[in-house]
Structure formats: structure tokens, C-alpha cells
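Just below sit the structures, each encoded as C-alpha cells.
One chain, subunit A, appears in both complexes that follow, with subunit B as partner in the first and subunit C in the second.
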Partner chain A sequence: MGNRSSLARDCLIALVAFLVLAALPYIFPSRGFTDFVVRLAAFGIFATSLNLLVGYSGMESFGHGLYFGLGCYSFALIMQNFAVPIPVAFLLTIALSVAVALVVGAICVNLSEIYFAFLTLAFQMLLHSLIIAWTPITGGDQGLTGGIPRPPFLGVRLDDYYHLYLFSAGLLILCLLAMYHIVQSPFGYTLRMIRDNASRAPFLGISVFRVRLMAYIIAGAFGAIGGMIMSLFVSGAFPDFAYWTVSGEGIFMIMLGGITAFLGPVVGAAIFLLLNDMVTKLTTHYGIVLGAVILLFALGLRKGLLDFIVDHWRDRQQSALAAEGRTASSPPSAKPVSAGE
Partner chain B sequence: MLRIEDLSKSFGGVAATNNVSVHFPKGSLSAVIGPNGAGKTTFFNLITGAFRPDKGRILLDGQDIAGFSPPEIVRRGIGRAFQIARIFPTLTVHDAILGAVQAHTGQHTVMSRRFPLAETEDRATHVMDLVGLTPKAHTLSRNLSHGDQKLLDIALALVLEPRVLLLDEPTAGMGPEERWTMIDTVHRMWEQERMTLIFIEHDMSIVFKIAQRITVLSYGRVLAEGTPEEIRRHPEVIKAYLGDEFEAAHA
Partner chain C sequence: MDLSALGNCVISASCVITQTTSGLIIGLLLFMVAAGVSLIFGVLKVVNFAHGSFYMLGAYFAYTAYQVTGNYAVAVLAGGLGVAIFGLLFERLLISRVYGSPVLMQILVCYGVILILDDVVKLVWGPDFLSFGMPSTFQSLPILFAGGVIPVFYLFLIVMTLVIAVLLGLLITKTRYGKIIRASAVNPTMVSALGINTGVVFASVFVLGGLLAGLAGGLAAPVRSLTAGMGLSVVIESFIVTVIGGMGSVAGALVGSLLIGLVRSFGSIGFPLFTEGLMFLMMVVVLVLKPSGLFGKEGR
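Moving on to the complex of A and B:
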């Protein structure tokens, strides 16, 4: 297969993408734009991490918001209560998410689909209840207010909005690069095999439980990074970030953008946030509009936007190839070898 | 090589496998036959760890593997293909086989490198050649014909360099011509890889043509065991399974 990219090439693409993102605020010098990209970073990482489970591993988690909320609160609490540099709080939060994902995952990953979906949801609501109930620590339903201290590190001053923008954009690119690398690794293909046929995999010597647990932990860690960016953006943490709707939004983003194309969830997050921003300006009945758009994608395109574009493009290429083959020399009955469905 | 002793498994009150004892010598080619519901697939499921036996021993080179999980049993050298091909629909033939190779070498959780691992290519190419799937290497598994899906299923098991390979009806659902092609392939790979091969088969002409030993199951018990000649003459077998017509035809 010639279209498999190398890590070196992907790093180069990531670098170019970062430079473009870094330059964009000079072309669009509006606070609205940089704010949008920071939110896109938070939700793009979150939705892509969820798609590691939903799209690549066939694990339909309804409770991935657990890690978004956990990342948000853990990071904000560490920064407010301990005088540690931001990278340390970042790493501590990731470690905490890994620990939580290890426990929750060990309980959930071997359950069949519907039980997995609902038990992950239950664990998320457990966190939400904890946040609401534990007022002295978490601020209860008021959320964690009072701001987050942002001591400069390595010349990065996150109280400056352009710095926060660069930091978030950099994290988005880095996390996407890392997750892309994972899905293109031997491990990534093992995930696809388990998604395709979890009952066959054990007879090839694959421990389905172990591989699924690893995927769940990785997804949880990345989900928490999304939450941390959100926490920096709002300078606090709110119970809504741990509510089940966050998980639902993650699923919506994947549906809007596409489950198969790697960047589908990021595109979906962009569509979702744009819709959110535009529609809430016009009407308070945001849910109706969003629901209608989701229906349009689900019933009309039958797939996410990026998947639709990629498939369309591939079909055109293939029919062009087939046409070329006919005009050249092959007999008219020759069929393309691997025509998709 | 593979010795089964007093193997039993019941579901509810039904004894699907009932005190089965069989020995499969190293490098042999054996068939397991029996009417529908005789417990042939259950027998395979017990050997490969899909079910846990109620009692009995499964000795692979002297080691009892009864009660081990499927991955543990696979790692000890027992591979398996299924009656209805169990494949990975969204992967190409080549990728699926490469995926099986990396599972076999224990590299399936590697994250630092890119798929496919260079060191897995040779084995994948070898197995694709062996079963004749090389021309379909880049076809998505779900777009393969029924026969090719069966071949891919067998190829996935072959990748593991099994010392014992269990094939559950390799020719199920195939036309007469396709059957013999499949059996030729199975026979060729048995000769080339020098493994102990056990297959379940309904087509008696195939069984009596290629099997060295035949085990006949009926209602979960071993009805008879022996060479094709012995089985052909076995009165119980003729009565219970092969039928009078068979006797007349082969008299």
C-alpha cells in the first residue's frame, strides 16, 4: 500500500500546520477567531480521542465526558491549590486520568456494547455528582471560580491570549499527531481487528481485554488534555464540563465530521462550535436546530462530512481509473479489483 | 502430540461432549465426522479454549491445556479456522494477515512504530502464497468471494505456525469444484508445513480420500476411530451414520 505515510512526513505536515495556525491571527486579528481555535483545540482533541474508541476500536463510550470533566477540574484544582508550574499540573492530571481510566476501564471494557455504553455513562455521572456534592473542594454547582494562576513557563505566558492560542493550537497539533501515529501503529491495526471481529482476535493470540483497556486509557488521557485546555480557556471549571451532555456532544461531533477519516471528529467539532456560535445568536431554541442538522447528516449524507468528501473523491478517482482502463487495453468486462461498497 | 482424555462438556442436561478420548499423532491428517449435532464443533471449541471442559484432559505434548484461555492455547501452538469464515471485513487481505503475524510475534501492541512492521512481511507473503491469496492481497476482506473468505480464515490460523491446526468444515457452502480446490490447498499446506491437521468434514468422498485417520462422533461420544479402511467396515458406523446405501455402494 503506497499511501501509508511515514512518521517523518507526518511530523513535517504537523509543523506546517502549526506554522499556518500561528500565522492566522495576523490575518484574522480578532479575538473571536483565536477564542474559536482554543475551543476547537479542546473539543477537537476530545472528539478525536473519543473516536479512538468509537471509530477505531468499536467501543461506543457514552461517558467519555468523564475525562473532559476530570481534566478540567483536576488541572484547575492543582493550579489553584499548589504552586506548581503548568506542565507539572498537566502531567499530574494526565497521570490521574490514566489511573481513573485504568479502574473504570478494567470494569467496563469487556462488557458488551450496550452495557459498556451505559456503565461508562454511569461513571461519568458519578463524577458529576461528586463535583456537585463536594462543594468545599469543587465549588459545587457554582463551579470552580476565582481564576487559575498562570505562572509563565519556558517563556510561555498563558495569561496572554495569543500565547494561550499558540499553546492550544500546538497541543491540538501534537495530540492529533500522536493519536494519528497510534492508529497507524501495529497497535492501531490490532484495534481495527478487534473492532471488526472481537471473537476472532483471541484465536490469533490477542488478549482483547488488554488491548481494549490500553485503548480506553489512551483515549481517557487525551480526553483529559481537551478538558485542561477548556479549563485554561474559561479560567476555572464548571459542572457542565462533566455532565453527560459533553459525551453526547463528542458523539455529535464524530457524527457530523465522520468516523472513518482521522480528521473527521476535528471537522465535526468545528461544525459543532460554528453552529453553536451562530445559532445561539439567532435563537434560544438551539437544540432544535442542532437536532435538525444532525438528522440531515445522519439521514441525508448517511455519514459525516469528511467521510462523505473522502468517499466521494475516492469514487471519482476509481471511476476515472476504470474509464482509463477501458480506453486503454483491458477488455470491457474487467472489473476494478477492490471496488468498495 | 495431541491427546484427549475423558473430555466432557454439558449444556444444561445435554452432554455435547461425553467422555471423549482420542489421540492425534504428530504430523497426522485426521478427520472428525459425525451427523449434525454430534458435537464436532463443540469438540473443537473445547480444544481451542472457547469452552471450558467440565472434566477431562487435553494434553499437548504432555502438557494439560484444558481450561486455558484461547490466546494461551494459540500461543502453545493450536490454530483454528471456523465453519463460517471469521475475518476482519474492513481490512485488506494483506493487512489482516500482517495483523495476524504481528499478533503471533507478540508485537501487536507496539505503538512506537508504523504498521506494517518490516519483519512481518516475509511470513505474510509466505502464507498468502501458500493458500493462493496473493492476487487478492489488496482486496478488502469483505469483498472476497465465499471461498476466498474461507481461505483467508485458514491463512489467519496458518500465520501462527500452528503445530496443530483445526479446520471446521473447510469446504462448507462450496460448490463441488471449489471443494476440491480447497482440499488440494489444505492437503498441500499440510504437506509443506508438516503440522498435525484435524478437520471436520461432511463430504465423505473427501474424508476417505485424504484423511489418514478418522474419528466418528455421535451424540457426543466417540463411536469409532481408525483408518479409513477400518471406519468403512465398522458396523456401528455404517448403521449409525454412513447408512445402508453407502455400504451397498462400497461393497
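Moving on to the complex of A and C:
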């Protein structure tokens, strides 16, 4: 799985994907398209990092927006207040989110699923209320305005929208590659084992607490990267990015796209953003329409787009095997959590 | 942080009385929401993230009833009964379909409902803050007690919520219905094997939770400003309460709510920026020292 040739193959795929993305603005030379991809990068990384918890670790966080908001504010504040290069602000923000995730995770990760969901939500709302209350630093409910200085680094000028596009697309692909390798590593398989049978893992000498905490920290760090892209996109930070709805949106994205396929959350983020833009264009009653779509989805479909495709593909494979007269044993790939078994 | 202000308050009887009264009111109103969250979780093992929206609806229903009738008692009852009916519909039409589903599905359903309700409230009652106004019955001079000022309405709120708390306690511990609820919390399959329709029991718990939250919304309306989204902070605080008090324990919800109420009212003097942080700190301390909560029996 994680051997050298597959790493080389994945890097090649990533490189091709990046080149394709880099060429696309020449085919679709509209600002709307590049803006969409930048937002998709922010939410795609965010949703995939949430799926590290929900899909791979069975930790159903309802407060992952904490890291999105934290990344957004921390990055914007560092850039506004200290004259540091952008990569330094990036690393500092990741370090801060790791520290926060370490504390929050240490308190939350061993709780049962409902407690975990609620406590993560509660910590997110703690950040939100701090942002609202601490007006001199964060700008309160007006948000951090005044723009973010963007000193060029390594030839990258983020005040240029094509550079920002390339930068975001590159980060999206790099983060996806990194997360893909994490879930394909022995650590990733340990996560799945704990998800499927948390009481068995200790017998194999695994510290469930430590592995879950690690996953929580990794997810938090990637979530913050999503927030940083968002902060660059809007040139500031707003309390809405730390509000609980971001967590709800993240969950809806991964459910829309499918939690069984690695790229499901990114597909879900794309569907969600398209849906979002459509709804805001058509109606002012955003909440009613979006809420209705969510209810239809949760009570009706119950599976994401890629879940349907994966299941369909698996069924066909099985029937092909059966047609050959062999006993088809079900493939031991990731079991959908949404199946509710 | 302003510790000297807190110190000055604690040594002055008038300040202590004023802050204690407002803390009691915050706590007792919170109790009515938290008790519902705790009961629903205890019996159904579902966390109703939308319970804060029940509270919000109660306040808005009461607002409209008060505008129409001008009678505060009718307004509070309208809030309670309206939300009880809403709770029944919510349980039957939506949440009963995801019993036994992963928590994620339940969260998603609640998320959708909260989004819809917040928008519906904006649509029907307008996007601005609404002020209920003090009912004329309570527009009398506040009572002076040891130098502290206590508005008459505050006394009324404290008495009303305490009566409701006692009635709820009696309902759960002394009646046949309470016995069924407690049994369903432990083993619903066994309860249904004994010939009790657990579907009805489940729905009734939502009705009870809705009634409590709606009454709380109606009672709180004169002292709060009404706005879409007012429910979320309440539902988060009620969860902190249930963590501190212990899931499924009504007595625990009462103690937890009062603690939170007092922390909020005194904390707002000493640590205005960190009041929320203080509540979290209390919750974390309880989680670390006694994970099942102060009155909880089982583990997490």
C-alpha cells in the first residue's frame, strides 16, 4: 500500500491534476471559475480533514469548524500584526491549531460519540464567543477587515488572483495527497480498526486514546489550512467562519459526496458550493431551502454521490464474479458508517 | 478581567442579592430547557440539537399570543402548548426516522431543522430584535431587600420555575408515567414486552421536552430580546448543564443549571470576557474528575 512505487504513482497523478488545474483558467477565463476553485480548495481540504475523523476514525465531530475559524483568524491576525513571510504565518497557524487540538482532543477523544459531537461543538462556540467578545483584537462581530498584507515569496504574488488560484489549487492537491497517504498508511488502518472495533485494538497493544488524539490533531491542522485559504480569499476573517454552521456544512458536504470514497468530501464540497451559490442567487430564504434539502437528503437518500458509485461498482464486480461461478467474498474495503450496522 | 469589581460585589449585600437573583433566573430558565434535553437523551439516546430552537419558538409563540390577547398567562401557555405540539410533529415526522441511525444522521436532521426554523422566524417575525415588553401586572416598584433591588417579575419567575421543577420531579419519581419513562431509559425493549406502547412513550417525551422548552421561552420573553438564533447558545449551555449534572438526571440538571446561572451572573462582573470560558472550565473539571456527572450513575 504505502510502498515507494505507489507513492511515485500518486505524486504523478497529483502533478497531472495540478497541471490540468493550472491550465483550466486559460480555457475558462472567468473570475467566477477561479474564485470557485479557491473556495473549493478551502472547503475541500476542510471537508476531507473532517472525514479523517468521521469516515476513517468513527469520531463524529460537530465542531470541526473550530479549526476552520482558528486557521482563518490566526493567519489573518499574524499577517496583519507581524511582518512575517506568508509561509511563516502558515506554519505558525498550523502550530497553533496543533496546540489547540492537543488540548481539546485530550479532553474529548475518549468520550462516547454523542458526548464527542456535543463537546467539539461546544468548544467551537467557545472560540466563536471569544471572537465576538474580544473586539479590540478580533474586530468583534464586524470581523477582521482592512485586508491582509501579501508580501511575495518564492515568486508567488498572492495579490494576483491567478497566483492565488494556483496557490490554492496546489495546496488542495498537496493536502489531499498527504491525507491520502495518511489513510493508506498503517496508522490509517489502525484508525479504521479502532472505528470498527475499539475494544479489540488494546489487545493488539494499541493505545486507542493516543491514536485517536493523533487523528484529531492531524484533522485539526488540515482544517486550519482550509481556513487559511479562506482568509486569503476574503482578505480577512469573519465570525461566521467560526460559527457552528461551518461544522454543519462540513458534515453535509461529506455526506453529500460520500464518506466511503476518499475523494467523496471534495466532490461533496463542490456540490455544496454549487448548491449554495444557486440557492443564494434564487432566493433570500437561504436557510429554509438549504434546510429542506438537508432533510430530504438525511431522510431520503442517506448516501453520498460517490457512495452510490462505489456500491454500484462493487455490485457489478460481485455479479461478474458470481457469473464466473466463483464464490464472491465481499471485498474488505471500508464499510460505510452510514449503513448503520 | 476585573477581580476588584468582583471583590467589591461579594462584600456588598446589595450586589450579592442582585447578582444571585439574576443568576437564579438564568439557571432556572436554563433548567427547563436542559431537563428536556436530558430526558430526551436519557430515554431515546438522541441528542436533540434542535432543542434550543424549541425554546426560541416558545418565546415567539408567546410574543404573538401576547400581542393578540394582551394576557401574559395566555402567552406563556401558548408558548408551552405550541411547542409541545411542534415537538410531537418533530418527533413523528423527522427524528423518529433516524432512531438508531448513526449520530451523524441525527445531527444532520437537527442541523436542517435549525436552519429552517431560524429562517422561518426571520420570515414571520422579521429579522430585527423584538422586545416583548414587561406585562402590566409586573410593572410595579421593585422590592428592596437588604439593599438589593429585586424586580417583582424576577420573583414571579423564580417561583414559577421552581413550581415547574417540583412538578416535573414529582411526575418523574411518583407517577406511573414517570416509572414508565425511567424504565424506558433503562430497557425499552422490556418495557414494550410488558405491553406498553414505547412509540407513544417516545413521542410523549418529546412533547414533555417541548412543553418545558416552550414554557421557558414564554417565561423568559419579557427579560430577553427575541432574535432568530437565540436558541443555539441555550442548547449549548443545556448540554454543559447535563454534562455537569449527569445525563438523564433531573436533579442533576437542576444543580448544574443553578451552578451555570450563578457562574454567569457573578462571572459577568469579574471576567466579562471569560464568562463562557468559566462554564467550559467547570464542565472540563467535572468531566475529568467525575465523567458521569455529579448525579450520573452510568459512564459516558
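One rule holds for everything that comes next: the second predicted complex is superposed on the first by the 309 of 341 C-alpha atoms of A that agree within 3 Å, B and C clash if a C-alpha of one lies under 4 Å from a C-alpha of the other, contacts with A are read in each partner's own complex, and residues count from 1 in each chain.
Note that contacts are C-beta pairs under 8 Å (C-beta built on N, C-alpha and C of every residue); 3 or more make two chains touch, one makes a residue touch a chain.
Just so it is clear, the structure is predicted and the values come from calculations on it, not from any experiment.
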Clash or fit: how do subunit B and subunit C relate after the overlay on subunit A?
fit
Let me test your reading of the model: by the given contact rule, A:291 touches which partner, first (subunit B), second (subunit C), both or neither?
second
Vertex subunit A, Cα centroids of subunit B and subunit C as endpoints: angle rounded to a multiple of 10 degrees is 80
So, does A:302 touch the first partner subunit B, the second partner subunit C, both, or neither?
second
Contacts of A:78 with subunit B and subunit C, given as first, second, both or neither
neither
By the touch definition at the top of the document, which applies to A:125: first (subunit B), second (subunit C), both, or neither?
second
Who does A:7 touch here: subunit B (first), subunit C (second), both, or neither?
first
Of subunit B and subunit C, which one touches more residues of subunit A?
C
Taking the superposition on A as described, I'd like to know which of subunit B and subunit C A:219 touches: first, second, both or neither.
neither
Rounded to the nearest angstrom, what is the minimum C-alpha distance from subunit B to subunit C in the superposition?
12
By the touch definition above, which subunit A residues appear in both interfaces, subunit B in one complex and subunit C in the other?
337-338, 340
Name, in rising order, each residue of subunit B that touches subunit A in their complex.
48, 69-71, 74-75, 79-80, 82, 86-92, 94-96, 98-100, 102-104, 106-117, 136, 138-140, 142-143, 156-157, 159-160
Flag every residue of subunit A that touches subunit B in the complex, lowest number first.
1, 4, 6-7, 181-182, 184-190, 192-193, 195-197, 199-207, 210-211, 214, 337-341
Inside the complex, what are the residues of subunit A that reach subunit C?
54, 60, 62, 107, 111-115, 117-119, 121-123, 125-126, 129-130, 133-134, 244-245, 248, 251-252, 255, 285-288, 290-295, 297-299, 302, 337-338, 340
Note which residues of subunit C are touching subunit A in the complex, please.
41, 45, 47, 49, 94, 97-98, 100-105, 107-109, 111-116, 118-120, 122-123, 232-233, 236, 239-240, 243, 272-273, 276-277, 280, 283-284, 287-288, 300
